[in-house]
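Paired with chain B in one complex and with chain C in the other, chain A is shared by the two complexes that follow.
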Partner chain A sequence: MIMDYDVIVIGAGLSGLIAAARASAGGRSVLVLARGQGVLALTTGCIDILGCLPGSEGRCLTDVAGGLQRLAAIDPDHPYAKIGLDLVQESIEFWQQVMPAVGYPYCGSGAVNYLLPTALGTVRPTALAPATMAGGDIRNEAGTLVVGWLNLLDWHPKLIADGINDLRNRRGLGGAWSSVMLDALPGAAPELTPVMMARFLENAQHLELLIAGLRKSLTPGTGRVGLPAVLGIDEGAALFRQVETRLGCPVFEIPAGQPTVTGLRLAQLLIKFLKQSGVGFRFNVSVLSTERRNGAWQVTLDLPGRAAVVTGGALVLATGGLIGRGLEADRTQIRECVAGLPVAGRDLPGQAREASGWGRDPFAMAGVVVDGRMRPVATDGDPEQYRRLFVAGSTLAGYDPAVGKDGLGVALATGYVAGNAAATEG
Partner chain B sequence: MEKTDVLVIGGGATGTGVLRDLALRGVDAILAEQQDLAYGTSSRFHGLLHSGARYAVNDPESARECRQENAILKRIARCCVDDTGGLFVLLPGDDPGYADDWFAACLRAGIAVQEIPAAEALSLEPNLNPALKRVFRVPDASIDGFALVWANVGSAAGHGARAYTYTRVDRIIVRDGTVSGALVTDLRTGEQRQIECRFIVNAAGAWAGQVARLAGCELKILASKGSLLVFNHRVTNRVVNRLRRPGDGDIIVPQDTVAILGTTSVPVDGPEHLGSSRAEVDQLLLLGRDLVPGLDERRVLRSFAGVRPLYQENGGEGQRPQDGRAVARQFALVDHERQGVRGLITVVGGKLTTFRLMAEQATNLVCVLLEHDAPCRTAVEVLLPEATAAQVRQLQRYFSPPVSQKMAERLGRADLDQLLGILSRNGWKRQFVCECEQVCLAELEWRATGSSWLRLGDLRCRTRLGMGTCQGTICAARAIGQLYQDGMLDLGRARRLLGEFLDERWKGNQEVLWGDQLRERLYARNVYLNLHNFQKEADDYGL
Partner chain C sequence: MDLPIRSELDKCIKCGLCTASCPVASRTGGFAGPKHLGPEMTRFRLDDRLGLEAQIDYCCNCRTCEQACPSGVKISLLNACYRHDLHTRQGLKLRDGILGRPGMMARLGSLNAGATNYVLNNRLVRAALDRGLGIARERPLPAYSRENLKKWFQRRRQPDSSPNKVVYFPGCTAEYNLPEIGRSVVNILERCSYQVILPPPNCCGLPLAANGFLEDAARMAGQNLDNLLPFVRQGYPVIVSCPSCGLALKSEYEEFHNLPQARSLAANVYDFSEWLLTLQQRGAPASGFRDLALRVAYHTPCHLKAQGIGQPSLEILKKIPSLQVIEVDEGCCGMSGSFGFKKEQYRLSLEIGARLFNRIREIAPDLVASDCSSCCMQISHATGIGAVHPAVLIDQAYGRVEEKK
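Then we have the complex of A and B:
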């Protein structure tokens, strides 16, 4: 294992992977360290730039560009406001360049939102969707058939079709969605999670059975087919294209269950691409300490039976938030786990607070405060201690993706800026 | 107009116990409950089936009652009882003299108490404080209050009784000083109707004072709140009591996959809208770690609170109990004839362990007044017939042997027949809707079609759905999705039930948000608010 890199990224969620991609594209040697899988597999895999404005009570935003302007004006602590909207735009362009090279292109300009169906029969705004999902916009007029299988968990096609028809009716569009429940997929387990089904379908014969079953359920009115996101993991959109071609009918995926196939697929494809681009990866490794010494970051790793030190000219912290364990809370305090950075909202666990769970959540908003270059803002001590240290993704304070529908968008933008800064500054 | 001999008000253990007792004696009876069954104290306690040992010193009469009822329930209600056994643990710093007094009092009350070596206790329960001084075994056990109440109603219904949930009693009709019926409202439809009856048994627990007032009678009920914490695993496999004068935070009860630590004792004005404060949570953790070191570092799933309804015979005029534990836990049977209303009886106080005895004595009184001569059979008739070996074998077609065994123990013969019927028609309904508590789709279907329910929480109480580690994150959407898919809900109701269910689960962990439980809560928000963009209120999404 090489011990010296230009840039060390801690965390393999989207923000870490994007920081690595950006630094690597800038010609730097990059090592990504990760403790676990990252939480990308717990997302839809769509790049949500901005879905809802704060206080809009769940109203879906369609005009993303306008929404961003508004957000920057009313919410100066939001990571987008700190970065500046030009860099947010640049990160979107970077994404649109990278993903075709990954072999898993995304649709959308980033300026407007798709309105995509969810597995609960609701609608979800997102700006950039994988080609396998983008065809599901609920405003599309095509007669839509949602298909399910009895042995698939976390998938209720009637709830989806009826839920979307209800929303379409509110918009005066008329209900054009229907559903069909097919018998258990032959040869598959009696209880399949979507990920299990995706693995099952990576076998060509199994995929044939699926296509044959789908063919039989098409009616003359079927303009497109909605499937759970189960069309393979490793091969990107290949199975999706095959199903679409063989059916002769547009198809789209809806993420279902946990983890999601679309999240898992994105994570695996990005990692594979970055490895091929020369980025080093070390998984299942915990960081014991980070220290700035002799003009470089020394990162001490907890390896089986020994500790090892890797050094990097710059360090990107993309370790996640309270869900991803970049932040940990005990009964009195929240702390940042790797570098001990100051945390806004540190004392929340011990304080009285009102949080129903539905609105912006103080715990979700907690995190590390940075400047526009993703550098931690020192609240005490020597600012030099954070030199060439950049923070990205859900470790950051100031946004709540469950409400704003801006999780992977912030990960992309802040990962891009952090990777850029790590590759160019100093 | 509906007619019956006896109207029982209150669907907790006592009320359903009375209903069953009446039914087994051949008396026609109806039960009315304003919420779902076991809404009140019968589900808001630690689930301890007392051996009587806890009361041996202070309240020997209660101790003897508990001892007898403990033995009876272990015999007739095996499906609801996990016979874990219990330990009383003397800790350093606690009065060693009390231990000797307590031991003697247990023997006097006839409780099978046995001292065991400290080393043996620690090998049985390795999480216990290793500095413990003395340990005694007692026949405490863990009991499922929901299952018990439902079993009572099931048994009563088998003998012709009727039970109406979400049916509020608005007025007790008294003519010439004698009860003649009640006006009730079905809270689902808003319709009011009259039930004609000769007697009313008020078994409304913490609400008993309010019910008595409907007939113009005064009844002093002191309410004492007890808060409890649910841990995400069985901290101990036996009931553990701290051996000292009964106080706060001194009982741990394993319940299925979790463990419950309780309680506090705080005087409150009434039974409604209770929660646990953060101060109570902190206090319980502080006390609990004396019994189990490091308990305060372990994951707490939620906190909840229940009310002990304590009857004070003379006065208690405007007075609140400083310590609910000072009031005797014996129960009271009040014939309101002395207040000028014939035919109204209140049975109140006591504890879950002695519900059957309370019901028996209340029913005895009713039968005397009815001049109906029939012996009580509730102590000898099995409450819920157990699963047969053949049923367990059939279950094993769908589930592994340990899962089948556990399901069979939990459900009993009649429910298993229904479950197996659904599985034989739709084998795929073996799928688990709740993986934490191993509730399959077939069980959900049977509970949803075989009983009257209003909220998803009602199905939770019947199945344990959402009571485990994930607290509904995975199973709430699955349950709603399947109920919808099966045509049991319309869209608006599906959404309302889901929002309500998540609200209830999230309120319960509001005061325990740190560590892994905070992560779980944020993860649940990610699933529902983010991935599903589920909005509780504005469900038109601004479209």
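Then we have the complex of A and C:
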């Protein structure tokens, strides 16, 4: 049977994009189907591999490599444990190879966490950070100035400086954080979201105004400058480099608002890179059904006007969880929306909620159960119906990214393994 | 809105405690309560002072938002209804009525195309249109052709009858302004052994809907259903070469106008390249392309993206030997049909497309290819580089030389 594509990926979040990148790098023809832009743009774009171990009451982890060993020992159902740590490491190396080509460089070895400031003045442990954000580690003892503008919504430099100073004091770290609120950027709208401000700054003259304003607010004690993540979207890290060079002082971005500029950059640049590598994309399509027939996957799409079928040798399901809507919950059940796969932990009302505030949420833990190669484990019926079907990302059961701080890390690792399996396994 | 009132609205965090404590709301379900009727409804009552009413004209109906939305919200439909409602209350603009009726204008303009084009290129006329109607004087107006598609179709030697028939809906541009697009489409379809049927020329109605004339657009849609459905019932597919016509026929007739039988038409409408690519995949004359030594930049129109059919023209162009095709992936060109003609939106429309134009200048192609003639118009205007419908290039690759007149 002639197939349209070797591999069809459903979902354009991080796990889907990485699966597509891996399968395409393996020489396969790949099509990505997506209903919308996906929720990657709602994340910070930081690849949090592991920020917190189960049962550690929310304590920040810095030693990621050691933490992964421990996690694999105590939690065999976690996707990392299923994949095996060698493949997790391989996925990190794949990321480090791909991102320079994408034109949006990341920093970090993946073995230890940065401790980066958030817009709320708290700390995010993350292993791989965009180059524009990596300079913000709170353990760096340079005098830090956080800058805001009166017309930028939901951005409070003093809240950030106070919060981080509090943390620094408790950890006995030097180098005070201070804040300054600048007047509204001239020429900009009276109220700006971070995305609007990023678009505004993509104009060279507007960026000059911003740099001039920043220059005036530097003091001799300023060792680095923290800015909201507003330094352009389409150009990747180019505007960031420009500001840093012109200012003659290290700069870092802190992600703010929704959608997040850093998440948008990652999503858009990764998609652009994949298109240039020959991966096909179809946005604005819903999948009506998937069916294995005559040795191929038939995916039926709901297009304006009519249904259409595309065929592929392998299928990667990367449709997201409850937020990305690969899973849907009603009052009695959680179900997988596209392929109708069995969902572990689907009957929520029967489950007792964990008491601790740090406990993992049953809604997050529910999902599709897979083996180490991301193949669904058939609980009923014919295992042949899942042949060459692989599942990745938050559709999977067994982890709670809000607790483990491992959301995009699991998306990267499982997307990589699924793409690898879809490209190679017969 | 006055700032003190505005800050009152912004203070409300929608917690609902006021309504929970309200003596009236706690006794009758007939009163929605203070939160609903206070801060929430106030925003709506004061919307004109927020300037939101006038802003609706800045929605260019490109549908990019719908492609981004993960929840399938029909944002364009909401905007079209609001625009219609607002314009009905405030009175519709003459200018928008003209821009919404390219077919009617073309029928008038084509009566004496030479004279019309001469007059419309006159600086004084353009100044008057700018001041009097609000059509930007800097924007080149599309010229009308001396021989429209229908006349050409009837004049030439008719090909042999074939059991395989398709209906071609050219839309206004390929009928009146750039009939070379229509001629290429007809040639290619005939080369693939189809007999082409042209229905009576008629606008698809999308420009009317985009300008707030929903009722007129629905009437137009009804006429097209009457024209096309008899063919559809005989099993003939309907081919469109304009992505906006395609979107209207495939989705707006049902979504916007809720017309019965719109669905049976929609299910049989194909974009020209979508159709040709399917034929080629089934083994129809994909071969037979001759060399076309050109460097071409391809731009995907928003309304083609909205159809969810991928990039069939790009895939076909890639098969033409010696043709170097580079995809320009920089989003909307900013023209959006009538949007870019409007005086108050002309500059903005060029700013929207600035990244696209810069990228095209970097590529420095011999030609730009794009399925939408409105995109082509904007790209040529901004970059000075010629832009054509892919069908024209495909037709050349099939070996046809445009006849001299």
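We take it that the second predicted complex is superposed on the first by the 410 of 426 C-alpha atoms of A that agree within 3 Å, B and C clash if a C-alpha of one lies under 4 Å from a C-alpha of the other, contacts with A are read in each partner's own complex, and residues count from 1 in each chain.
Simple rule for what comes next: contacts are C-beta pairs under 8 Å (C-beta built on N, C-alpha and C of every residue); 3 or more make two chains touch, one makes a residue touch a chain.
If you're wondering where the values come from, they're calculated on a predicted model, not measured in any experiment.
When both complexes are superposed on chain A, chain B and chain C clash.
When the two complexes are overlaid on their common chain A, residue A:M181 makes contact with chain B while staying clear of chain C.
Taking chain A as the reference, the larger set of touched residues comes from B, when chain B and chain C are compared.
By the document's definition of touching, of the two partners only chain B reaches A:P401; chain C does not.
Using the contact criterion defined above for the overlaid structures, shared-chain residue A:K275 touches chain C, although it does not reach chain B.
Looking at the shared chain after the overlay, A:S286 reaches chain C, while chain B stays out of its contact range. Of the candidate stretches 5-13, 23-31 or 41-49 in chain B, only 41-49 runs into chain C once the two complexes are overlaid on chain A.
The residues of chain A shared by its contacts with chain B and with chain C are 325. Across the interface of their complex, chain C is touched by residues 35-39, 234, 272, 275-276, 280-286, 301, 303-306, 308, 324-325 of chain A. Within the complex, the chain B residues that touch chain A are 278, 282, 296, 427-428, 430-432, 474, 477-478, 480-482, 484-485, 491, 494, 502-503, 506, 510, 513-515, 518-519, 521-527, 529-543. Chain contact summary for the complex, chain C toward chain A: residues 66-72, 247, 249-251, 266-269, 305-311, 327, 329, 355. Contacts from chain A toward chain B in the complex involve residues 42-44, 51, 56-60, 115, 118-125, 150-151, 153-159, 162-163, 166-167, 170-171, 181, 184, 190-191, 255, 258, 260, 321-323, 325, 328-331, 349, 352, 355-358, 361, 363-364, 401-403, 405, 407.
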